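Heads up, the next two complexes both have chain A, just with different partners, chain B and then chain C.
Then we have the complex of A and B:
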């Protein structure tokens, strides 16, 4: 290329500097100063800012709601991972191996909720759970199970499990497509060989399909865990706002309440640091846990 | 599981030429495997269709028969949403945030993606990894300082401030997808253009950008859907109702409906928010699902 070193660096600066500047201001700086704010007692105005060292972190350990929010987050993680992975694997295997004509129909329909707004999903499902008009209770009554009807989102026991269902509903399509991509690359000769060796269908699924799509399964699980820990508070905020009586608060929605409703910004920042640390630890542990030798036949 | 592999075996058998009669058992298993697929399709479609239908029902009808078919179609709910809740203003705000946000993301992401993919310089891997790892970091921690940052910049409760925040928040994803697309463009084209005396700026604008169009479209659609649907940052960074984006307006109507019972209006506003997404999905379905799947696979 005919260009001097100076020209090259000028062009590099043109490409990289404005973007990196904005990225630093609006992403890097807020993350680091969030860390900094977590050591202050701060209600929002510059005058009220007071350094309290580890005070906010001590408060986290003494706050009886915190362990519940962590439990709720991991409850969502575990139920979503199992719910989504089992259903998505089942649907992916069914669609790929049946070779049915209407397969594109299912792909298109199942994926659609993935691009719906969380607000729309949350409000739609709030109505589905509506105690008097909702689909769930009317359905139960229609089936003669009227005794099982309850105010789903208004019950301390049932509110959190009720949030799992819309999350699974909205998530399946993406992971089904990821697994279908994996199944599509498996050569049919493996199944024929397994067939000759007398492996039944169930064994073929466990010994051929599953090991060969393990990379996709691993990525899917990691992705569900990351998005749940970093984003489950949105649907919680829309559907219950953390209630009733804190029974659905997850870490993120509790942060929102502490910081932006009660103006405990320093404490909110400390909760944010806790979210960051917990999600990094979880991802790290999960990566070790999911490590499995690459299968080659 | 057992059943569908059964049918696959039958396919293999018949391909091999072994004539195998299609027994009732096989037909049953084919139906059996379809049943969950059909049920799930209904579970996905029914609430969405029901919501759209509900937006044409009167409130009395929603109460009397919430899950049924409407007796008459009327647009009163849409008129109410427009007049009583200024949904038009929110629609316009969402549109601005979406369009400007997507454009700004491109302006910021395309040059960086090109430099990271094609130019050799110290720290390029480090910079790339920095952008990519930002995809895994929970941004909720950063929202508290960001709130005060915007306040100091006089950009709080301002849809243009929100636009900038949105654009930057999608940078890591956009840079990641664009570098992947650009790596498939043959280097010879840029090299010959440079030999012909074209400046690197010209190469970027006239050679790379047109060749990366497919990637740019994918990224833009993904970002646009993201911005159109975004709720939480808007909740934190916008305050007055005339600045509300659609998500906030709908949330507001939904909270009011607890007391006013204006369910029809709520459904109408949900429908308004959904229609652009449905249209985009109808046109770009393959691109969207492919873009999202690839975006997720990076791990």
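Then we have the complex of A and C:
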């Protein structure tokens, strides 16, 4: 059953060429054509376009809305990373360590939002935030906290924080499962040893659980950051459309507005390149910050 | 297994796979011909376009119209029943023509790739999100109709252009489209509620404010709402007629072209002060910022608000959601000073022919076919709105809703309503930033001075300064 060199290369070609071809068509080609269009003044709805060099990139630096969209994106990144990771870790530890009977039930309940489309989640939460008949304001009034009711998504101050909540709600389940997988691989003997040494539950969490599931936490954080920078525009588009007065625009939704509403496709492509560059820089920095020596007991 | 993966077979499979992929990714123009994209909610009319793939049309020596004709039309609040009737009649009149319809609420986005690849449909009705007449003219996508349209006659023998209520937009003197729908934005209210509660229907800004005060006190609601997700509704529905009333066509032209200092003019600032007054009095619903198009209209119908500025599509679009006893009442938005007539600025939805139409003769025949008294009357019956053709008598027509007859009579009475015109619609690059600042003003987060500054910045950006 010894393969000849030719057979080996043919088999490798069979595996790699189609994959590379698909990757080229669906990833590299759009990437480079986006880069190409970013150097043109093009409406995106006609065949004619004009080469303007770095014009669209110069415009990015002069556009007062761009810094706001970047701030909004990173606000979502930070709040989502902390919100999702804290809650997902808490639930994962609670379900795994407390050995409750209803664990499978909670696992399904927490994972449920991950099965739903982001668009459905956005529409659902738009109703929840509805000022006159939504759950949030009705709940506050029921609790006698009527003074706290407000038009959540219609307020320039509260619209962006209001988008964080459904984003966290929708994200917990997946990362909870990932962390549960990590916790499941930790040998019980570590906890028994820690207990014999007099460590309480908190100390066990900080000294045993957390260091041993760090690889899963790191991957989760990177995943949340990437998906937020690239995908948060969907929920923004559905819930507020970037408004009121650009107070919820993220880079992606602003790209959409420029490319498809204001007919500045070339400028939209340049914003796309900016998102790519910022994502790469962010991930690079995070890799440095999250680097830790692998823990083994 | 070993035999299956021997060299030549493996190579063949790989090559076939790659060829298959390339073939799947290549463009296929034949597929486009004869395709029909219809709104999923409507009855599809595929029978009309199945057997003809003749490609380009032919005009025979005696001027007969034949071949395939592709028509793109947006289906929104006006529905598509009028289009179905017109297209069916056109096919009866020209049996050698096969029409392919591209229609639906998202048709502008769906057809974008056709326009980008210079393979557009022949006739396009420009309306709805994702379409812009100004942009299409700038991109050279529309056929110059100037010479042709001057020779087209109406049924009465006079030039068709003389029979239009509003003349076509001109770009450097040239005509690229014919305004088909004479829409106008105004303010809607519930006639039944006003009669029952004795509220006065506003006739100017002062009476508008006093009626809103009465409603606020009596009903405990914020009387006015609009969609905050689309700030141009207020811009077109309330501010544009207000500017028409305050400064006429000249001011409107300066507003849409972004003339320097236009937002600092006395009459413009006075209008913006009126908006600020409405906000300060609490008449503008503070949650409007999150309303989308449908929510704002729905909450109006539910009685959460008493006034909403939208176009003539409202009754037709919301026909299935109108509560019992609700009667639509329409007035031009009353932003003008006391003693002055209402102002209306027509918002036209045009019909155009593509520069690269494959069957321009049939396209011209279709456009000519549409602009007749018969179809103008049918348009009002089907949609509850007005087609841009003079001489259509709706007063005794039982099939036309009463609000339209009243509005039509009002619009045609110069003592009550003055009609103003914009040279062309405002560009999205100017309308978007001004609309954003407008939302802040209406939410009370910006003063009139700050708004003026933001609007002037937007016009400077638009002019490229």
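Annotations for the structure displayed:
Here, the second predicted complex is superposed on the first by the 268 of 297 C-alpha atoms of A that agree within 3 Å, B and C clash if a C-alpha of one lies under 4 Å from a C-alpha of the other, contacts with A are read in each partner's own complex, and residues count from 1 in each chain.
To be clear about the criterion, contacts are C-beta pairs under 8 Å (C-beta built on N, C-alpha and C of every residue); 3 or more make two chains touch, one makes a residue touch a chain.
Nothing here was measured: the structure is a model prediction, and the numbers come from that model.
In the superposition on chain A, contact of A:48 is made with chain C only, not with chain B. Once chain A of one complex is fitted onto chain A of the other, the partner contacts of A:260 extend to both chain B and chain C. Judged by the number of chain A residues each one touches, B leads among chain B and chain C.
Of the two partner chains placed by the overlay, only chain B lies in contact with A:222; chain C stays clear of it.
With both structures placed on the common chain, the touch criterion links A:273 to chain B but leaves chain C unconnected. By the document's definition of touching, both partners, chain B and chain C, reach A:126. In the superposition on chain A, contact of A:149 is made with neither chain B nor chain C.
Using the contact criterion defined above for the overlaid structures, shared-chain residue A:18 touches chain B and also reaches chain C.
In the superposition on chain A, chain A positions 1, 7, 11, 14, 18, 22, 25, 44, 126, 260 are in contact with chain B in one complex as well as with chain C in the other. Taken in their complex, chain A has these residues touching chain C: 1, 6-7, 10-11, 13-14, 17-18, 21-22, 25, 43-48, 126, 129, 131-132, 151-156, 159, 239-241, 243-246, 257, 260-264. Partner chain A is touched in their complex by these residues of chain B: 1-9, 11-12, 30, 33-34, 36-37, 40-41, 43-45, 47-48, 51, 62-63, 66-67, 108-109, 111-112, 114-115, 119, 121, 127, 131, 134, 136-149, 164-165, 167-169, 171, 191, 194-195, 197, 199-201, 204, 225, 228-232, 235-236, 247, 250-251, 254, 263, 266, 270, 273-274, 277, 281, 285, 288-289, 292-293, 296-297, 299. By the touch criterion stated above, chain A contacts chain B in their complex at residues 1-3, 7-8, 11-12, 14-16, 18-20, 22-23, 25-27, 29-31, 33-35, 37, 44, 87, 90-91, 93-95, 97-100, 105-120, 123-128, 133-135, 138, 169, 172-174, 177-178, 181, 188, 191-192, 195, 200-202, 204-205, 216, 219-220, 222-223, 226, 229-230, 233-234, 237-238, 252, 255-256, 259-260, 265, 268-269, 272-273, 275-276, 279, 283. Within the complex, the chain C residues that touch chain A are 2, 5-7, 10-11, 13-14, 17-18, 21, 25, 109, 112, 115-118, 129-130, 132, 135-136, 138-141, 228-231, 286-292, 299, 304, 428-429, 432, 436-437, 439-440, 443, 445.
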